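By written order: A, B and C. Residues from 1 in each chain.
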């Protein structure tokens, strides 16, 4: 017997779960010496302080710059690569293997290599972000075009469509859902790349804040910085998801 | 909850992968011999170092240590992920309550949690194990749940009409109906787990192959660095292909 | 041949004849068509029927210009078919509507491909949408429509390009029986207004006899024309008068007789 939960019940439970979580967090933080976690209230205070002192904004600025420099090219390169792969099948089959490997492999392993070649700067972080996300964008674009229903292509041909018509009026609109999904995954992966790069390239952007706070054992600040980072990522990705839903409103 | 993120697209076939990698080996050999850059060594020199580091050096112990952490993290992740996925799929209200949280965990860069784990557990391999767990648990959960939700109603009704109890339906119907999606989740989770392993080890810089990466990076030993990277690559691909093989064995009715 | 079916001058503006001669087509080692020959008069409604997989759809695609025959020719209005063209339009079994486009855009698609200006093509599309009974649904998306309505969109799209020949590939096979009957009658109404040449591939003997002037029977693979049945039932046809007539039943049974022999 399955009761469909009412809207109130669900939100009530969620609120309860959150409150419980915060309460535990606060308790854990207050335990002297037992855990290195600051209390929820202390974290909130540190967050506020970071925000108002401008430190957070500055760090976000640096990180954002690296992020855009890495993710922008990932999309601008990834989509054409995926399209090219779809239009030149032998190339597609070959490149697909490399993309699959790139997606399965822990990209974090190349970070030391990147540091050695580029040093510790925006370019290095950007490259890491690029390498983390580009394969996903390309792979999803490739898949999206390949999955466009051949029946629709046939229909267009029956109405005497030229090749450019097929590309712009059938293939691209048809592949759009997967291309957008690819951008979304790429975005999530780009954030991972950003976090990994910044944590490893310690004196940098948000990573600097985190490493800095950690080395001075200022856990309040560290927690606040980390959570700020995570929240930023989640907010951006949810935003993109919503945008995606809006753009693809023709799907049921 | 959105349906399962596809992430790394479907299957990898062993043969094309080996072929592609061989091509890379050849290319690297050619380019490396040209001496274009300090950072592009020839494959043969890397291979030589690899052998040396493996047999007489720290690579083998590091690899074993990494594997140990990996297994310690993966096994609970699979068990917990499957059970949680089944429960959240079976009891919809449970699923709805945790939905936003799950969504968050699936989109957030999980590596961000590592500093928090380090604060709680100090610099130890527990952090690595937990990271592996984190990186794979949610993926397995979500995929299992989606798999269960796709169970055809008629199967459940059939079992109920024959008098099956709730537990029986869960274990005999839902579990098997969810199995294909579950295996996809396990594969994706395992692959992601390797990523968690490497990132975790690199950040705590204490043990395992991640530590080697940091060490060789800091000491500019390029060939050694490549050797470790190749080992990690091998590990990741082995895990992925192994689980695919397991998948094929387990689900012969597909 | 009934006098009022004679070719009138005005009909030539609306319909063309189709001459299929010795058409053969193989896919790899599988021979789909082997020497199919058939002549269809302008404004004639011909149904093509045959066992499953016998190549009826392939034949239709060859006439449409989507597939090139290995041997033989197809000529429409005296001109050889070498590819898709403005004189023909296709209606597909699975509707083939672009899910990301509105009904209006889908119907206007054929005109869009020809470079007709937006205002003009939308005007044409709206007219035809009303004619197929979908007025008010111009800005709906395919997924919001029932199967029957989606197929109306498909028919509207085909009509919008004003073809002389209408090629229909099992157009009503994907909808339920009740909707099918409605669509069949609507098709007959539309055809009564403008007597285009129609070639309809179908599985259904009922449908073939009810709609057409002539039913052509194809053999199993490799397909050839093995027979045809002239359908002299009076027009306009309706379920009430036609389907209940003894002549109708007789023709269906004759058709079944021919098909049964090939099973």
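In this section, a contact is a pair of C-beta atoms (placed from the backbone, for glycine too) under 8 Å apart; a residue touches a chain by one contact, two chains touch by 3 or more.
Here the structure is a predicted model, which means the values were calculated and not measured.
Enquirer: If you walk touching chains, what's the least steps from chain A to chain C?
Expert: 1
Enquirer: Which chain has its C-alpha centre closest to the mean of all protein C-alpha atoms shown?
Expert: A
Enquirer: Round to the nearest whole Å and give the separation of the Cα centres of chain B and chain C.
Expert: For chain B versus chain C, the centre distance works out to 54 Å.
Enquirer: Can you work out the whole-Å distance between the CA centroids of chain A and chain B?
Expert: The answer is 18 Å.
Enquirer: Which residues belonging to chain B are in contact with no fewer than two other chains?
Expert: none
Enquirer: For a test of understanding, state which residues of chain C touch chain A in their complex under the given definition.
Expert: Residues 64-66, 83-86, 89-90, 92, 94, 96, 98-101, 109-110, 112-114, 141, 143-144, 157, 161 of chain C touch chain A in their complex.
Enquirer: Taking the complex as given, what residues does chain B use to touch chain A?
Expert: Touch residues, chain B against chain A: 2, 5-9, 12, 16-17, 19-21, 39, 92-93, 96-98, 100-101, 103-104, 107-116, 118-120, 122, 191, 194-195, 197-199, 202-203, 213-214, 216-218, 220, 222, 225-226, 228-229, 232-233, 236-237, 240.
Enquirer: Touching chain B in the complex: which residues of chain A?
Expert: By the definition above, chain A touches chain B via 2-5, 9-10, 13-14, 17, 35-37, 93-94, 96-101, 103-113, 115-117, 136, 139-140, 143, 181, 185, 188, 191-192, 194-196, 199-200, 210, 214, 219, 222-223, 226, 229-230, 233-234, 237-238, 241.
Enquirer: Using the touch definition up top, name the residues of chain A that touch chain C in the complex.
Expert: Touching chain C: residues 151-152, 154-162, 165, 169-170, 173-174, 176, 250-252 of chain A.
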